[in-house]
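Below, subunit A partners subunit B and then partners subunit C, in two separate complexes.
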Partner chain A sequence: MKGKLVVSLLILSLTTLLLALLSPEPAETIVRFFTGPFRNIYAFGSFLSSALLLVIAGTGISICFRGGQFNLGGEGQVYSGAAASLTAALLLPLMPGFIAKPLLIAAAMITGFLIAALSGWLRHRFSIHELISSYLTSGALVFFCDFLISGPLRDEESFLIATQRIPGAYTLAQLLPPSPLHSGIFIAAAVAAASHIFLHRSVWGYRLRMFGEQSTFARFGGISPRTYRIMPIGISGALYGLAGAVALLGIHYRGIQGFTAGLGWNGIAVALIAGTSPVMTLYAALLVAYIEIGISSAMAGAAVTYDLGLIVRGAILIVVTLKVLKRKQEELL
Partner chain B sequence: MKFSGITLKGRMIAFLAMLTIMVLAAETPAAAGRAEEPQQRYRIAVFIPGVTAGSPIYDMLARGAQRAADEFDHVTANIIEGGTNQGEWTGKISSIAAQGDHDLIVTSNPAMPEIVNEISQRFTTQKFIVMDGHLEGNPNIYTLRYDQYQQAYLAGYFAGLVTASSMDHSRSGLRIGLIAGQEYPDMNRSILPGYRDGAQDAAPGTAVDFRVVGNWYDASKGKELAREMISAGADVLLPISGGANYGVLEAAIEHNAYVIWYDTSGYYKAPGVVIGSTELLQDEATYMKVKAAVLGELPFGSAETVGVEEGFVRFVSDDPLFEAHVPEEVRNRMMERISQMQQ
Partner chain C sequence: MIQSLLQYTLPILLASFGGLVSDLAGTLNIALESLILLGAFVTYVVSIHAQSPLAGIMAGSLASGAVVLVFYTLALKGRANIFVTGLGLNLLIPGAVATASSLMYGTRGVLRFDNFPLQPTVLSVPLPLLFSYAMLACIWYLISASSAGLRIRAMGLHPHVAQIRGVSPFRTRIAALVISGLACGAAGGLLVLSLRAYVPNVSAGRGWIALAAIYLGKRRPWGVLAATVLFGAAELAANIAQGMFALPSPLFMALPYVAAVTALIIQGLISHRKKPS
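Entry: the complex of A and B
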């Protein structure tokens, strides 16, 4: 817990420092950054709506970590999940919302699961490290999804590289207009609760943790290496897919090229900050979302480019990976 | 372990101290500024859907708005670069609108009206100016669109004159090319027909070879398409394909063809190869419209289309490189047509 505080402060200070260095009006920028999520209802709703996506994505990655695996394919998995949902929404005949929503969400989760599970299987079958294979498949999938949105699904009447809107009945309920906060927040809460029960109260969760900590020991205990090479990364893929579907049904309502970009990497940042506990995932998601909205608020008031957000995101990843590396080093010594 | 814990703690305290100082420093001038604020401040946010560097049309937008703001003591313009991810534009403009401290948001490109219109449903008091876009009927949005048909017509007319001329690289056969980044409504409905009609009027029977890169950045694809078009007989190319334009230019230099530049003057990019340019006077237009908005004279809710007659779309004929590389006869015929259009 104390470690988390240190990391959080480190991240916030680093962000502050970057803003101060890169802004022509450091004072105003920093004030705007810290007050960002609370300046108005829109900002507050955006803060929660971006945090809930991070909870979903981050929880998946935490489970993957607990299983001793690493999934670097988040960007492609989120985008593919969203694209699967989108394709189903646009091409299937019109359905009532209560049938369509679970269906679209399932489509996204299955897509994400299959993509990520492939990396787990490759690891099991051919000893190809999932770190590499998940990253590479993701890179290819991003282009494929870009193609879907700019090609077959493109709305010819729009000047954006975007598809048509999904039917109104398929969208998640708005909770705090005019902000984008939507009922996906309940999905995120369910994911957090379910992951806790799964990891700590189920036999699969127990096996997954054991396999993650000591795979050889687990194998001697009769735990199938194939299942537990595929399951953790598969779950993270499914949750990434879910995050993509929630972003589509709750915020964007249409596919726009690159509309889920960043969620994959931020999910990893959240899981790295959180470590292992689902409660900490909530905290880390709020922290990362705070920074995101803070920056967006700072930029709206002062003349700094939004790309600063990318720099900060990179810096956060460096800080949290340093922490993990340090822990690894201590384990080795 | 213990030791490193202490250093971390020390660092933490140092950071905290720094933070406190920064926040304190931040509060003072901001508060002071607010206290001595004149009666009515007018704040403008200029949202660039992309980046200004390397994009003349957005650069002109920023300069035009800034120039208008500089003329008044109580007006400030805040240039905000939104980055190239289209999926983020709605959220970013919404967060500017939500802050409620900008009287006017100015942006530009044909895709922005649909985004801004959606945002306007949520933030019903925010005023917008969208340049280079078209939307009528939303009482909070003013749009100004450049007549793309006319701009393409000018380019096409000139291309027709050149392909029919006896200029060095003009080959037999009346064939010209148009390379688009993507197909979009304006391209299919205004630009391509305008280009075609212009060429027909200048040299009846001219064929237009139309090809699409598929994105706005792939210069090697642009080059490949241009090479194919040149070998198929096209001797004048009009690239409207963003970064891919440079691939087209390279192919034209290597295989002796001519290029017409679109939206901004491009003669200097390759003297003797870029032999024509059409230009949008976006800086001037933005300046006028923003100024009108500040003065309360801009008819929000209306949509204007401006072209050659209004002077916001023009063929750049006063560049020395144009005079140096285009024979007088061709120039005269071009000027003749332009002055007809201006009436």
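Entry: the complex of A and C
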């Protein structure tokens, strides 16, 4: 816990420093950074709705890490999940919402699972490191989804590079209008709870953790290496896909080019800050969402907002695994 | 034809050789992609200020090397996970470069050379190109024929044994990583000088392709050379095809990634035909 506090404070002070350096009026910018998410209902709802996406994405990556694997394909998996959901929503005949929603979410999760599982299988079958194969497949898929949204699915009448809206019956209920907070928050809570039960109360979770810590020992214990090379990264892919679907059905309601960008990397940041426990995932997701919303309200309109977000995300990853900052039991990697 | 093949291959080859050195030391540098970008930007800036492409590419190379030195020293000394550090650099550097571009030139977009500085030549080979060849030759010599190369390999294969034999883990690894930074910086410089402009995201996945080439080449210099020629040829072919068929541009940008994954799978099929891991 102390280690996480040190990491959090370090990240917050780094961000503040960067904002002060890049802003023409440092004092005002810093005040806006810290008060940003609480400025009004809309900002607060945006803060919670990005945090809930990060809970889903971060939980998946935590499971992947516990299984001893590294999934760098988050960007492509979130985007492809969202695109699968979107394609199904726009092309299938109109259905009642209670049938459509689970179907669209399942489409996204299966898509994410298959993409990530491919990397796990390549690692098992051909010893190709999943770090590289997951990034490369994701790189290709990001451009493919850009193509879908800017080409075949594009709404010609829109000024944005965007598709038509999905039918109103398919969207997740808004909880705090006019803010984007939506009922996906229950999905995020269910994911966090289910993953805790899976990892710590089920035999599969036990095997997964054992395989992650000592794959040779696990193999002697009769644990199938194929299953446990595919399962952890596959689960993270499925949850990335789910995050993509929730972003579509809960926030954007239509495909916009690059609309899920950043979620993949932030999921990794959340999992690394959180270490292992689901409770900590909630904390880490809130922290990362706070920083993202804080930056965008502090630098509103400035051209460097996006770049600053990148710099802060990078800085988080660079400091978060430094062992000098944490005690031994908090080590994840 | 051969000249354009060379032009497409050389940056990937440089980055790949750099990555190979870091991989042999047991600390694969996955930040190649962003180090190419940094080298490209610094090359642009210095080429203009010094009116010398050679000074530009050297500065670009040094800049990437210096960034690697600072951040990976932090990572190794702080016992951080070096993949996560590399990933952090891959996010941080593009953000920092775009910010620097906005602050210095007022744009995050394409930066052109108003009048391209003269490229001095030796026997009609431009000096920056000569610099890159020299760097390639040095790396090749280092990994295949020098005692320093042996120490690097030993550190990657059996760190404990190497340590007992008096090889310093920190110094060996940071040296290998800095070499990968220098090589990537030069690769970025070559891209900028051959495009005669700095384009955002000029690295366009080449750092990741270079990583794939290391695996495809089975971590041997000749193998890596062959793999990068293959990727260079694929890029050249894709560019020619783009001229003929006008593929939608996002699909065109996905091609290098598709090529890399396909190549890895085909190689896997060939070399693992019987034995599952």
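Note that in this section the second predicted complex is superposed on the first by the 314 of 333 C-alpha atoms of A that agree within 3 Å, B and C clash if a C-alpha of one lies under 4 Å from a C-alpha of the other, contacts with A are read in each partner's own complex, and residues count from 1 in each chain.
Here, a contact is a pair of C-beta atoms (placed from the backbone, for glycine too) under 8 Å apart; a residue touches a chain by one contact, two chains touch by 3 or more.
Bear in mind the structure is a predicted one, so any value in this text is a computation, not a measurement.
When the two structures are aligned on the shared chain, A:128 is found in touch with subunit C, with no touch to subunit B.
Contacts of A:158 after superposition on the shared chain: subunit B is touched, whereas subunit C is not. In the overlay built on the shared chain, the residue A:213 is in contact with neither subunit B nor subunit C. When both complexes are overlaid on chain A, the residue A:180 reaches subunit B alone and has no touch with subunit C.
In the superposition on chain A, A:22 contacts subunit C only, with no contact to subunit B. In the superposed model, A:43 makes contact with subunit B only, not with subunit C. Touch criterion met: A:150 reaches subunit B and subunit C at once. The contact surfaces that subunit B and subunit C form on subunit A in the two complexes overlap at residues 150, 303, 306-307. Residues of subunit C touching subunit A in their complex: 30, 71, 74-75, 78-81, 83-85, 87-96, 98-99, 102, 108, 205, 208, 211-212, 215, 248, 250-251, 253-254, 257-258, 260-261, 264-265, 267-269, 271-272, 276-277. On the subunit B side of its complex with subunit A, the touching residues are 1, 8-9, 11-12, 15-16, 18-19, 22-23, 25-30, 45, 51, 78-83, 85-88, 90-92, 94-101, 109-111, 114-115, 122-123, 133, 182-186, 214-215.
Residues of subunit A that touch subunit B in their complex: 6, 9-10, 12-13, 16-17, 20, 26-28, 30-31, 34, 39-43, 46, 150, 156-162, 177-180, 251-252, 256-261, 293, 296-297, 299-303, 305-307, 330. Contacts from subunit A toward subunit C in the complex involve residues 22, 70, 72, 122, 124-129, 131-133, 135-137, 139-144, 146-147, 150-151, 225, 265, 268, 272, 303-304, 306-311, 313-318, 320-325, 333.
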